[in-house]
């Protein structure tokens, strides 16, 4: 028989989160596991159908590197950010676009549940104004401004926005933006209080290689400074620190297992690492 | 860890039942157990808070008989219906009113959860037009008409109506109505598809004394005709047969344990007896 | 031919009072005269139909005492308030409920005029939070809080609320509230400027036994202090003093004759006693 | 003391006529008596303030003839209609305009009652499309079309339209329209069920010189054919016959005494002549 | 091929002026040229149809003088204002009414374009409260108050108001108001930023007889003081000075040629004289 | 001075096209000329600002071929459609995405006019469901379904959708769709009556090399069958034939000169080739 205590808990969260916007960030790696992706898409549709408003942000890291190699291009990174020359940019955008459509497709044609109201929609542009970062990174940018009205309009019409991290600068150049950083900026712009970063790691590991359950902002800064955090984790932690300093209350770094979002949002027990003020 | 399958199931039902009206009928007996009452009130508030619209109907059987005895009146029944003379009527109405306020109070001052939106409201009249049944029953009536607009107005304003089964006839006499029958009539008038009858028995027992899981209308008729059903169960079964013939799809006769409504509405596994067409 | 001056006057009042809420309090005694009750119900329907919003509060004094005696219980009063033990409470609630339904029935099935819009509705609970008065009174309470939203929701849906003076305390006990005091509290909570107290006396009598046309609050206090007012009149005067100190502008104590409300609201000439600041 | 029966009657009519449109037609003669005009303006404001929607139509007969004479023009009539050459037309329009403003002014600056909502508004044109009658009448027209939307827009914004009977033909010529005929056409276009024709006569007189209380359409036709009706009465009767054949239910020809409209609309007893089907 | 620059310019103005109210004042003289009148009516309909809200004010100068003479009355002016005795007033009102209907007719039955939404409507009264000017002018008034709500209600319902300059004083006298002055007062009351005065002159001429393109308020005052301006131009200039001091930004005095309004509102190049602060 | 006839014509079209949706299809080639692009973006903003609803569809032909070559991939076409293997698809999507952002950027940061309301938005997916064409074309698809609600939602929120021709099939594969064909399908789905195809050619050339002004559907079919039309023109003509057979009334194939859209939509004289039924 059902554990009613858990059900009551879930109902509390459903009520509490009704009409709230959350950002769910998908790391590129996790998109490779069809079962997990399908299961997470199911979560998004279910949450949407009971009145919660998810916004999806994603990267395409693994795919980009692999496709670059097929094209004879060598992936290079500086402090966790991809060096992006003009040819690389085409591959980056092409791969992000593919991944974006894959997520949209999983949500819109979910085989586990048939929703008549949840429709995912992807945006190519008009969302991030950006400016170039250090020259050596090439076409890589920082977010300068976010068109949050556009996202709220889409949410208001009942859509689940699925966003890829590409911006445009003053000269009209397309710029590759680190997905974790874009997530933080989007959260600030949308006045979102909770971000879920879905990874294939499932949390921040300490010096001893064990998962850290909770981190304050200052502890997180230490992890970055002391180079305990891995390369891929650095932008996640940096953007988390930044987002929290701008008003986001909680960031959950969670392993992308089956129904990971549902478990994270509708139950009390956390998994992975929660970063707070 | 949470059983996500159950959670997903619950989310499906929440979506399916959003804005639907259900009638929950409380037998008088079950109102004596404070813990169960508190737990069921919690269920009602939770369901209301995620968008489901419960309407409560109740009797006060046990309390009426006990208070009658205190007043020196002897309770009498004919075919499960209380013989109601003028003095008895005062006790009936007084007890129903008390029980009504007790339920309202449990909902409005629920200690388990604090809702800022769920408010129960009781109605003395203006709801049921009735006409007298057989003379020997005294002031006992059948429902002739239900002011369903009043219930929908209250639901539309966000209230949980808590209804006691008293009507008024053409001459202005107050009439005691069997709560199970009133439940069936209310269900028809509100165009409700599902009724939950909360009892202290928990379902219909067969000739062998074992719980019957499912009954069709014709099987139910047989149980009545063959006098397998107990006296208190007869009006429940009769009104169920009647309600289903008028369009109600499912009637669940359920034992009023802790969180019985939640379990019944949001999980697949039924408890007690389900009567269908 | 019609006295157009009076008609013009009436039109002025209809315009002035459009959409205003008035509380009409029925003393229990007056409910015994079917003709008067019918005529007053007609007034309420007419006022409602031209856009005025009456709220009815009532007691059931005479009926309660008489039914108590039938049950072998002896009515007792302290300073005009009924001593209410548990058994008495059942009779109180039963009688109030009956009276409530009688008023509703007179309004909803008025024989003098057929209204398609005026529907009376009675409320058992969810309206008054109360706390016990002096222990010696038993289950008798003072109003602590009024759910005015509920009344306004019902008025907004076009109903005429008919309210009986029963509240519930923190422990969930039903408490008998003096109807005049409940009237004053309701008036404050609804921000009503005018109360009409319909009695079988028709105003406050002075030391010389003659009707007093107007009273200020301080004169009223003197009447209470000097014990000029009769026992039944004391709660009326006390709640009037209280209500006026909380913002109610005018309280009219009026004899419940035929069309007494219409005459009082739509003509300049007052009858009975008007209490003002 | 007030005659409550009359008050109840008046309330019935107020409810019945709420939001209904009535056409009140002022004969030119009655506009000369300031007291009557003031009193009728009061009636209009009062009716408007309790939710009835009066539309005023007026002529200016007496004033036109008198001003024509001042200008050295001789008034001439054919079958009750004024022969209108170009110079006469200026006087007709000028006088109608003056009378129109006088009525508006009486309503808007009523000294008997101050309304904050009733505002009269006069219309010069855009209302009646007309075509010329017999050539010998000059610039005299029949109504071909009425812009009823314009009247309903003004009523919907809370105005009392005051209309003068001038139309325009296909060539753009201004045409003088008989006010009684214009009244009938307006009534048909607005789908009005009741017209009040205020005259200085106060009803139709029979062959014996006595007032006729009720007339059917066929009796009215006889009066016209047999030349019992006076010249000024003919267009009133003709337009009445016409209006009734087009769906207007009742036309009251009433003497324009003090508060004549109030008495006519809100009491049962009629004055003057009522013409029905 | 089209001059796209002009089209772009026009689109800019259409966007800028969307939902803005402009007053177009027609001098009486220009109403005599059917072709110009037709063309200007076309402009009004076109502007209305793309969302601009024109209000028309007009005089009837030439027609009044000519009709007065037909009636044997001699037109007299003091400082550009017509001396108006009682008989003159009838002619004034009659002529204004005719002109008003002519403009309405041109708009509503425009032969150049068929609009299904633009409907002109004329107002006789309820618009200007006035008080008498110097006694020697007779029934000539200054505007004391404007019922701007009436105009906005009509605009809100989609009408093009066509207004004639007649007011009413405290005693109920009709007063002739100079149309240019009424235009200025209307502009202030409606909070309009732009007035177009259509004349048969086409601008203010300087001492050398040449058109002055732009004038400030102080330059305009000098022209009046130094009697450079012609008699007919004086009220135009005075009301312009007044209107600008009350917040109107721009007044254009323009020759009433074909499509003069369209050219003035939707192109950059001005014609005639623009008066600004 | 302005040619008022043209202005009047433009106003007519603005009124006629208010709130109508048009599809403007940009050929990839024309996107290379910054001046033309800027000027067309200006047109879109202007049209949007006066209430017309443009939807932009675009290809990226020239850029794709050039970037493929940089990547060492050889562009190949079959009957005007690009053979698209997996690596080519990344370049196709990357280039379309770039072009999409370029158009959005030109609209949103238009230097010629500053609009506070026109915002372009690009969509990655959720728009076209597709299925594979002939296997030899690789990842090239036909449109099976269009999510027209998404486009209407965006238009309803005031956006200018800028759409790139990529769809997704049942298996979740991204498919390259010919932009002209996608335009036709979009037009049918949106129930659009007019399509403008902006090309660098400016119309269909006949056998004699001269521009053909008008074509019927059957004439167009002949041109295709007889191989008079050039390779790049074939999909344009085929999708035009298809779109017209589905209800699109007019397709304009127009040279993408400065302000080409404005000239095409708001003037009578056409440029290029118009294809009709």
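Order as written gives the chain letters A, B, C, D, E and F; numbering starts at 1 within each chain.
Simple rule for what comes next: a contact is a pair of C-beta atoms (placed from the backbone, for glycine too) under 8 Å apart; a residue touches a chain by one contact, two chains touch by 3 or more.
Just so it is clear, the model here is predicted, and its values are computed rather than measured.
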- Query: Both chain E and chain F are touched by which chains?
  - Reply: none
- Just how many steps, at minimum, does a route from chain A to chain C need if it may pass only between touching chains? 2
- Which pair, C-D or B-C, has more C-beta contacts? B-C
- Given that chain A is a copy of chain E, what angle of rotation, in degrees and a multiple of 5, matches their CA positions? 120
- Query: From the C-alpha centre of chain B to that of chain D, how far is it in Å?
  - Reply: 63
- Query: Just curious, how far off is chain D from chain A if you go by their C-alpha centres, in Å?
  - Reply: 74
- Express in whole angstrom the distance between the two chain centres, defined as the mean CA positions of chain D and chain E. 33
- Item | chain C: positions in contact with at least two other chains | none
- Category of the chain touch graph - line, ring, star, complete, other: ring
- Query: Order of chains around the ring, counting from chain A in the direction of chain F?
  - Reply: A, F, E, D, C, B
- Item | In the complex, chain A residues that touch chain B | 1-4, 6-8, 10-12, 14-15, 18, 42, 46-47, 49-51, 113, 258-259, 262-263, 266-267, 269
- Item | chain D residues within the chain E interface of the complex | 67, 70-72, 87, 89-95, 97-98, 100-102, 104-106, 108-109, 119-127, 147, 150, 153-154, 156-157, 159, 162, 164, 166, 168, 172, 174
